[in-house]
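Note that chain A is present in both complexes that follow, paired respectively with chain B and with chain C.
And then the complex of A and B:
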């Protein structure tokens, strides 16, 4: 009777469409509302980061000027992407008036919020608008949603553009750390012996280096500190945890029968490592990467707060916090970037936790 | 006469551990002809699986093949699998020699569909496109008679039962039409009815494709049903080798006799408890001196058996025994 039942349930199982490991994990992840909320927030931030120049800026998203279409807002990502014609025609960064004066036929689609992250918006730059307030007058108001800093630069615009930096730091440095960590861990775990000896010691040595101190030291030495160099350093020191987890997974998986079976079908070491073992080891490795993104954002925030972040024109959350250091009475300089960093780090940690729960079979069973 | 398909000579595989040098396989010689089935029988721990692994040089550290040769002859070319470079060996693995493992539950990669895994085996050895490999995979699933092959192609291993997975393993092993299949206890993890189906399938494929099979098992019933020749292994050595018919009708080594007596007999009712061989297979670190079977042998005689290791000798044409008193015992 019992067997009969098992048979039937087995048949039902077999009748279901194929479900892979990841779609299975996704089904489990979806059940946690907090995880979904965090994931939603992360996606929201990503969208904000990608469309930052279209959300806040003083350059048109699209404009028609002298019969040609331009996308001046791309200049926020890279100076050279802004068409040289605007420099030649002496726009000097102020578009609304210049466009009208130099080509009455022109039209433009403007960002949602007409505020610049890098400079104060002056009087009548946008027809009929007053100059951005500065210092104590810069409370959050209708035009400056998050207020302005001591120089009158809009905080909302800074925050929106800072999202790009924050996420870039997270992804680029963890992308780098992930690649190094997986490679080192895979080599050590798969080959064992003296290879493992070398990679494990290397991991331990790097682990001893305090990231923040190393970065501060390097900034003192390096001539032109850029955000990319900061990311590279965070990545180059943050791979140890990933390497150790990857190594452990590879040590476990290389003993499995399916790896032996793969060898018996004639697969080479590289193929076994990256095609057969890695997909099985990916879930536990992905979790520390997610947590790593959060900590990378935090490190960048601390650096900028200490004044060692990207050089001034770059807008980052940490540098807004830094400007609050000398102007503590301007509470909006503390609250908004602080909340931004806090929520982002929290969201990434929650996503990581959800991922862990969705992919770790032991946690999964404990729940049942 | 042409060289046999696979000829193992004096193979010694040792494990270097903290207990010292442990010879798990100690001078094994075997040969398999094209299209034949050779059964390799023995208790757990006697070195059967290590012999199989050694054949494809899959023994992993601390194990190492210390001496001996494994000549593999195919398409008029002979190579020694012990010394051939890794790169060439990879072409043999899966390409010319397929392998089936004991545990179908864990021998398939859980994150890929079975179609994917069969196709990969094909693509490793043949220059075919993705879709050609896929259609070959489907063909293989038909060949191993998996129910519903079109749908199973995209199934993940965990969606299949043990018997189905073993069929998939056979499909992978056969995907490149190898000359030899090494089946390491292919039916041990399956229940009895499925066992019979899998063996029947293997035998059928052998006769249709002309693939030789090295069948490793501890089940004498399996051997009787499927094998042409049988080699019995004990403590890292072959103790008796003969054709299946000969071995079952006229076993000579006391160990073989013991194994045969330890099987349940359907014809004899109320025959009492099953006969057993006392003791256990000794682990390699304390192989006894002389004949390795003598502490468990009822015919053992001092001083010969515990001092002088018997050699494998041919007592009648094609029948080899490693025992000092084989003729006496049998008469």
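And then the complex of A and C:
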């Protein structure tokens, strides 16, 4: 009876289409509570990053002004997204009073925390509120959750807007590094011969120069570093590990039957490389990319910390830490951004490790 | 060959940085002391900076082949002498840190794989993992706050930065003690990240070896758990460890830009940082050459050590 049941269930099992590689990996990943926690934290950060202007800012999320709806908070992402009408009407960045004065009919939805990441909030800017404390008086308090820096700029607002920067740095620079790395590795691994010679040498050379040294030199070359240039530089120097892994995967996979089959059907080299081999090589390549995001965030932090980062108005976590260097008694300038960088890096590392354990067949067998 | 390409690249980079040693240095100190154009031209000629950079590179490399790294433009000293001055403090920090990491990482790794999966191992594993993700510059700031600000005027106060407060004619032992006192925080910072990484690395390698058949054989013939771990398993993980050791050679002499910058430690990392700021081409190039040579030497060293730890490997 029992055996009968087993056979039936086995048949059902066999009839179901077998799970694909990625859903299999996901099932495996889900079993690790720490990995899931880290993934949750990364998602949380992404949400904070996207909605940063709605969480902390001095510009309304939505406001109705002279009969039209505006979204001035988008100005935090890009100056030009803030409607020019507010410059024309001489708002000068302070909305609460001006909105009421210039149009009594207006209404607005404000960010959760009325603080600005770029400047000190003045007295009565929000009706009935005191000025932000500056210098060593800016302990964390009810209005400034994480305290203020020596100029009276709110740290919580800086942290929230810094999240956007940190995640952008991670994704953009690793996107770039990933593309370069995969391209170089794929070319070398697939074609072999002299192409491989050149790409391997190139990888070796870039690997030989210490990363921070190369980055510092490159940053000195671009005269005015913006956050985008910093990202580009981090990406342009961080691709070597990915290239080596991709090359190894391509070397292995180009010998396989399915590649030969693809070649027999007349697929071109490019098609074979990117449609047939790359999807199969993706999992091992994705792991160093995840770790790379963590290290890119770390590198940007240390660059801003050394004062080589993007210029002051950019609110990055590292620049808050940099300002703490000369004000060591203001412990809140270290604790909050430090914890931010630490937790983000930790989360990405944990996600990377979970991914590795979920996709690497060697580790998978080990767990059985 | 690799060396030539690397130095060529860095030379090109260095020379394409805006400004030159003269303008950067004088413009910062005092705008009124700016050189008039003729003087500037004359000095550029003296330093050989008036020619395009490929020519400058050829001049530089032909001197290097003769064993001359040139003179620092901003410090008016031969680069070799400059490096010689800075290498001591750096090795003091990174050498101690390197020793400490390996001294601690190996027992930690062994312990972790011996007690794999138990509560205490999981806890230390998690702590080590957290330490590995903890940025050095944040840790350095925390340590500075704790030991130099909160613990000020107690027994535990440690100096904030610099290498020594005493003048050079102070008694030898007092100076040693003072330097050691100043070195504690930088050494701690440099040790913990590498320690966390290395012990995890050792553990991962051990776990891979422990699953192999000869370990089961060793257990079956009655070897004790420690003997199996140290004598049979650990010895077979030495190859990747030696690779890692080889890779850490450039860092041993190159130092860490960030840590030396935070603690204003007069070492190589700081020298590099300053020479980039000052556009001091000969120093930048001398340091780059040294880093690259060391990286390659580290790889070579690892290859040589392979044959010692694994008799099957032949050095040809």
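Convention: the second predicted complex is superposed on the first by the 353 of 368 C-alpha atoms of A that agree within 3 Å, B and C clash if a C-alpha of one lies under 4 Å from a C-alpha of the other, contacts with A are read in each partner's own complex, and residues count from 1 in each chain.
Criterion: a residue touches a chain if its C-beta (ideal position, glycine included) is under 8 Å from a C-beta of that chain, and two chains touch if they have at least 3 such contacts.
Here the structure is a predicted model, which means the values were calculated and not measured.
*Asks:* When the two structures are laid over each other on chain A, do chain B and chain C clash or fit?
*Replies:* With chain A aligned, chain B clears chain C, so fit.
*Asks:* With the two structures laid over each other on chain A, which partner does A:342 touch: chain B (first), chain C (second), both, or neither?
*Replies:* Once the two structures are laid over each other on A, A:342 reaches chain C alone.
*Asks:* In the overlaid three-chain picture, which partner chain does A:221 touch, first (chain B) or second (chain C), both, or neither?
*Replies:* second
*Asks:* Is the number of chain A residues in contact higher for chain B or for chain C?
*Replies:* More residues of chain A are touched by C.
*Asks:* Mind working out whether A:280 is in touch with chain B, chain C, both or neither, as first, second, both or neither?
*Replies:* After superposing on A, A:280 lies in contact with chain B but is clear of chain C.
*Asks:* Applying the touch criterion given at the start, work out whether A:265 contacts chain B, chain C, both or neither, answering first, second, both or neither.
*Replies:* Touch partner of A:265: chain B, not chain C.
*Asks:* Regarding the shared-chain residue A:87, is it in contact with chain B (first), chain C (second), both, or neither?
*Replies:* neither
*Asks:* Touch check for A:101: first (chain B), second (chain C), both, or neither?
*Replies:* Neither partner.
*Asks:* Mind computing the angle chain B to chain A to chain C from the CA centres, in steps of 10 degrees?
*Replies:* 90
*Asks:* So, A:141: does it touch chain B (first), chain C (second), both, or neither?
*Replies:* neither
*Asks:* Can you give the closest approach of chain B to chain C, taken over C-alpha atoms and in whole Å, for the superposition?
*Replies:* Minimum C-alpha separation, chain B to chain C, in the superposed model is 19 Å.
*Asks:* Which bits of chain B are touching chain A when the two form their complex?
*Replies:* Contact set of chain B toward chain A: 56, 58, 61, 90-95, 98-99, 101, 103, 106-113, 120-121, 124-125, 154-156, 159-161, 169, 172-173.
*Asks:* Can you check the complex and tell me which residues of chain A touch chain C?
*Replies:* Residue list for chain A touching chain C: 201, 204-205, 207-210, 212-213, 216-218, 220-221, 223, 294, 298, 301-302, 305-306, 318, 321, 324-325, 328-329, 331, 334, 337-338, 341-342, 345-346, 349-350, 366.
*Asks:* Can you name the residues of chain C that touch chain A in the complex?
*Replies:* 2, 5-6, 9-10, 13-14, 16-18, 129-130, 132-138, 141-142, 144-145, 148-149, 160, 207-208, 211, 250, 254, 257-258, 261-262, 272-273, 276-277, 284, 288, 291-292, 295-296
*Asks:* For chain A, which residues count as touching chain B in their complex?
*Replies:* Counting only chain A, the residues touching chain B are 10, 13-14, 18-21, 192-193, 256-258, 260-268, 275-276, 279-280.
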